[in-house]
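Alright, structures below, take your time with them.
Both of the next two complexes hold subunit A, though its partner changes from subunit B to subunit C.
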Partner chain A sequence: MGITIKDVSKAFGNFPAVNNVNLEIPTGDFVALLGPSGSGKTTLLRLIAGLEGLDTGGIFFNDKDYTYKTIKERNVGFVFQNYALFKHMTIFDNIAFGLKVRPRKTRPSKKEIADKVNELLKLVQLEQLANRYPSQLSGGQRQRIALARALAVEPEVLLLDEPFGALDAKVRQELRHWLREIHQRLNITTIFVTHDQEEALEMADTVVVMNQGKIEQIGSPEEVYQKPANAFVYSFLGRVNEFRDTEASAAISYIRPHEIVLRKISQGNSILSEVSHIHIIGSTVRVELRRQDTGALFEAEMSIEQYQNMTPIKRGDILFAEFKNIIVFDHHLENKLDHGGKIGIRNSLKSKLI
Partner chain B sequence: MIVQELREKNVKANAEPDLLKKWALITIALGFLGLFILVPLIAVFSEGLNKGIELYFASLTERDALSAIKLTLLTAAITIPVNTIFGVLAAWSITKFNFRGKNILITLIDIPFAVSPVIAGLVFVLLFGSRGVLGPFLEANDIKIIFAVPGIILATIFVTFPFVVRELLPIMEEQGTEEEQAAITLGASGWQMFFRVTLPNIKWGLLYGVILCNARAMGEFGAVSVVSGHIRGLTNTIPLHVEILYNEYNFTAAFAAASLLALLAILTLILKSVVEWKTKKH
Partner chain C sequence: MANKRKRHRVLPGFGLSMGYTLIYLSLIVLIPIAFLFLKASTLSLADFWETVTDDRVVASYKLTIYTSLIAALVNAVFGTLIAWVLVRYDFYGKRIIDALVDLPFALPTAVAGIALTTIYAPNGWIGQYFEAMGIKVAYTPLGIMVALTFIGLPFVVRSVQPVLQDLDRQYEEAASTLGASSTQIFVKIILPAIFPAILTGFALAFARALGEYGSVVFISGNMPMKTEIVPLLIITKLEQFNYAGAAAIAVVMLVFSFVLLFLINFWQWRTTKKYQMN
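What follows is the complex of A and B.
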C-alpha cells in the first residue's frame, strides 16, 4: 500500500504539531520518521493511523482518499510505544484479539484463529509463551508480541511508534535486525518513529528527518548523512562541532569529530590546539581540545587503532588539528538549530583561518 | 569480635524499646477500635436478641418492618445500577477525554461527600416540595416525589453518587487510553472495546465502588429522613424504621432491625476484603 500525505497540518491548541507536511511513501518501503521530541513525528504516525484527526490536508492510500476513513477502515497495524498489550489476556488471546472481534460473517473459525496465532508466534519466535500473561514477559518479548498482534489482522501498512525506545541496548540491536528481516519477508509498507539517528540510518530504506512539525529532508540513509539539506539535518544525524563567527556574518561552520585529524607535527592547514580530555569509549576515542587561537572547545574522534598507532598523547599536549571537511550553511537556516544541544561547543572562529 | 558483640548488644538494646513501643501502639489502636466499634456492634445484637430469638424474628417479620426492608432493597436496586452506569460514564469521560470544565466536573462529583446529607435532602424538598420550584407543576400533574418513594430514591442516588466514580478515577487514570486505542486499531467496535478491554481492567475497582455504594444506599439516614415524611409501611427505610421504633421505646424491635444493618456492614467488609485481596493478586 502506497501512502501519500498532502499538505497535512495538525495543531494541538496553539501548538502546530504537524505543519503542512507532504510525503510520498511507495508500497513496501521501510520508512523512519526521525526527529527530536516535539518534532511531530509521532503525531504524523497517528494521523496516518487515524488515531488523530487532521486539521487540513489529505491522506491517500494507493491514491484513494482515506482522509476521513475510520481507524478500522484503514486496516493498519499499529505498535504502541509501551506495547499496550491487554494485561488481562494471555499472549494467545492478545494475538487472537483482532480476529475474534470480527463480525461473525468474516470471523475465522476457532481452529483457523489458533493456526494463525501459532504461525505468528513462530514468526516472532515465542511459541512457548502462548499461555503466559504480558506481565510475565520481558520488554523485548512484549515488543515482539505487540508486533505479532498487529500483524494478525493482516494490515497493509505497519506503523510503529518508537518501537525500541524502552529496551536496553543489546535487545534493541537484536530487534532491529529481526524487524528488518520480518519486513523483508512480508514486504508490508512500514513506517516507524524514532529519535535515534543510528536506528533510523541502520534500519530504514528512507529516512524522513522532521523538526518543529516540518519535514527537513527525505532521502536514503546515505543521502541524508552525506548530503544534509541544512544545518539541522547535519547536526541531528551525528556528533558535530559548531563554530560561530561572531564578527562578520552569522554563518556557522560545522565539522564532524571524525573529520578532524590530530598530529604532533604541523602538516598543511592545521590549527594549534591543546588536549583537555581524552575519553576512551570501547572502540572509539574522543579527544576534547581547545583551540589556541580562539579558545574554542571542540571534539575530535578516532578509532582505538588510530589512537594506539599515534605517538602517545596526554592532557595538556599541544597538537595540530587539521579540519578536513568544514561545512557552512546559510544564515537563514540558523534559527532551525534547536536540537537540544548535541554538543554544546559554540564559539567564534575566524573564517579566514580555515 | 568485640566490635560485633558490641553491635549485637546495641541492636538488642535498641530493639527492646522498639518492640515495647510497637505493642503499646497496637494495643491502643485495638483497644480504641474495640471500645468504639466492637462493643457497640455486640450491643446491637445482644439488645436485639435479649428477649429471645422468637421476638427477634417476630419484630423483623412484622408488617412495617417488612415494608421497610422491601423499600430499602428497592432503593438499593435502583440506586446501584444508576450510579454504576453514570459513574462509569463520568469516570470514562474524565479520564479518556480532555475538555474544558473537567476540573469543575470533578469538583461537582465530590459535592455529595462535601455537603451534609440533611442539606442534600432539603435541596430536593426545595426543588420538588409543594412550595418548591417545581412543586406547582408536579401537583398539577399529580406526581408525588417528596414524602414518597421517588424522593427517597433521588436523595439516595445523590448521596451515593461519588462512590463508584471516585473508585474508578485513579484506576482509569493510571491505565490511560493505549489499550483502548490498540483494540480499535485491531478492528474492535466501541462496545467490544468496552466489554473486552476496559471493563476487565476496571472490574475489581468497579465492584469495590459498587459494594461501598450499596452499603451507603441501604444505610443512608439524613437525606432520606428529610424527604421521606416517615409514613409507616410506605416511606420508611430500615434506618428510619429503627429510629421510629427507638423513639417509641420499642428497644428490642429497634435493635433487631438495626442488627440487619449491622449484618450488612459486616458482609460489606468481608466482600470488600475479598475484592481488595483479588485486586492485589491481579
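What follows is the complex of A and C.
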C-alpha cells in the first residue's frame, strides 16, 4: 500500500515534533526514517500508525484519506522498540493475539489460527519456542517474535520503531539481513526508524533524513550519501572533517576521512600535517593529524592494506595530506532556503579542491 | 573454613536486621496471639466446642465473613476504578481526591460509624430514598457492608495505583495495533498485569473488615442472630468477664482468617509468578 503524507505537523506542547512534512512512499518500498534523537522520526512513524493524532495535514493510504481512521482501521503492523511482547502470554498466544481478538464473524477457527501461527514461527525460524514465555527469550528472538506477531494480522504496511536498537552488534547484523529477506519475500510497504546511518544505508531502498521535525533529504542510499542536500545530511551520514575557511567565515568545508590521501613526499596540492594518533580498527586505520598551517585537527582513513604498504608511520611524523574531495555548503544560501523550501539546495553544493 | 564463607552484600547488617525483625514480630504479634491461644485452652474441649458452636456465635461468624467478603469485593472493583481514574486522567482537584482516599484510615472508626448511621438511617439524608424503595440500609447486613466498604476503600486503591502507574503504555498500543478493542485491551492486557495488586488490596481490605468493630456497631443495630458481628460478641463476652469464652471465639476467627488470607496470598503468588517469569 502506498502512503502519502501531506503537510503533516504535530507538536507536543510548544515543541514541534513533526513540522510540515511531505512524503510519498510507493507500494512495496523499504524506507528508513533516519535522524538524530528528537528529529521527529518516531513521531512521524506513530502518526502513520495512528498511535498519535496529528495537528494539521493529512495521511493517505493508496490515495484514500486515512487521517482520522482509528489504529484498528489502518491495518498496520507495528513493531515497538522494546518489542512490547505480552509477558503473561506464551509466544504462541502472543502471535495469535491479533487473530483471537477479531470479532466472531471474521475470526478464523482455532485450527486456522494455529496453522497461521506455526507458519509465522517457521518464517521467523523459531518453531521450537511456541510454548515459552517472552522472558525466556533472547533479545534477538523477541524481536523476531514481535515481527511475527505484527505480521499475523496480515498488515499492508509494516512499521518498525528502532527495530534493532536494543540488540548487540552481531545479532543486529544478522537481523538486518533477515529483515531485508522477509521484506523481499512478502513485499509489504515497510518503514523503519533508525538513528544508525549504517543501518539505514545498508537496508533501505529509500532513506528519509530528518532533523528537527523536518525532512532534510529523500533519496536512495547512494544518493543521500554521494549527493547530500546540505551540511546536515553530509555530516550525519558518515564520519566527517570540518574546516572553517578563514577567508570566507560563513562557509565551512567538509571532507570525509577516506577522501584524504597521506603521503611522505609532497605531491600535488597537499598540506603539511603532523600525526597525533593512529587507531587500528580491524580492517581500517584512522590517523589523527594536525594541520601545520592552521593547527586544526582532522582524521584520515585508509584500509589496513594501504597502511601496511606505506613506509611505517608513527606519532610525530610529518606527512603530506591531499584533500581529494572537499565540499563547501554555503550557509547563507542554505538559511534562506530553509524558509523557502528545498528546491535549489543542490545548486548551492559546490565542490572544490584546495 | 568453607561454611564460614559469607555471601557478599552491598549493605551489611543482615544479622542485626533479621534479629530485630524476629524480636519485633514476637513482641507485637506472636506473643499476644500465643496468649490468646493459652487463654482459650483454659476451657475444656467440651466447653470450647459449646462456646464456638453456639447458634448466636455461628450466625455472627457467617455474617462477619460474608459482609467482609462482599465489602472487599466491592472495594476490589471500585477501588481499581478509582486508581484508574487517578492514574490515567488529569483533572482539576485530582490531588484532593487522591488525599480523600486515605481519609477512612485517618478517621476514628466510631466517628465514621456514627456519620454513616446518621446518613443511612431510614430518616437520614440518603437512607430516606432507600426507605422509599423499600430498602433498609442502616441496622441490616447491608449497612454493615456499607461501613466495611468505607473502611476498606484505601487498600485496593493504594495497592493498584503504583502498579498502574508503572504499566507501560506500549502494551496497550501494541494490542490496539493488533486490532484489539478497548474492552479486549483492558481484559486481556491491563487486568492480568494489575490483578496481583488487586488481590493484595482485596486481601488487606478483607482482613481489615473481619476485625472491624468501631464503625460497624453503630450502623448494624446489633440484633442477635441478625446483625451481630464477631468482634461485638467478643466484647460482650469480655463485659461479662468471660475471658476464656471471648478468647475461644477469637481463636476460631483467627484460624479462619489466617487460612483465608493464606489462600489469597498463595493465589496471588501464583499469578505473580506466572506473569513475571524471568
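To be clear about the criterion, the second predicted complex is superposed on the first by the 328 of 354 C-alpha atoms of A that agree within 3 Å, B and C clash if a C-alpha of one lies under 4 Å from a C-alpha of the other, contacts with A are read in each partner's own complex, and residues count from 1 in each chain.
Keep this in mind: contacts are C-beta pairs under 8 Å (C-beta built on N, C-alpha and C of every residue); 3 or more make two chains touch, one makes a residue touch a chain.
None of the values given here were measured: they were computed from a predicted structure.
Following the overlay on subunit A, a clash is recorded for the pair subunit B and subunit C. When the two structures are aligned on the shared chain, A:153 is found in touch with subunit B and with subunit C. In the superposed model, A:97 lies in contact with both subunit B and subunit C. When both complexes are overlaid on chain A, the residue A:77 reaches subunit B and subunit C alike.
By the touch criterion defined above, A:15 lies against neither subunit B nor subunit C after alignment on the C-alpha atoms of chain A.
When the shared chain is aligned, no partner comes close enough to touch A:68: not subunit B, not subunit C. When both complexes are overlaid on chain A, the residue A:88 reaches subunit B and subunit C alike. In the superposed model, A:51 lies in contact with both subunit B and subunit C. Touching of subunit A by both subunit B and subunit C, each in its own complex, is seen for residues 49, 51, 71-72, 76-78, 80, 82, 84, 86-88, 97-98, 101-102, 149-150, 152-153. Residues 168, 170-171, 173-181, 184, 188-189, 192-193, 274-278 of subunit C touch subunit A in their complex. For subunit A in complex with subunit B, the residues that touch the partner chain are 49, 51, 71-72, 76-78, 80, 82, 84-88, 97-98, 101-102, 149-150, 152-153. Per the touch definition, subunit B reaches subunit A in the complex via residues 178-179, 181-189, 192, 196-197, 200-201, 282. If you check the complex, the residues on subunit A that touch subunit C are 49, 51, 71-72, 75-78, 80, 82, 84, 86-88, 97-98, 101-102, 133, 135-136, 149-150, 152-153.
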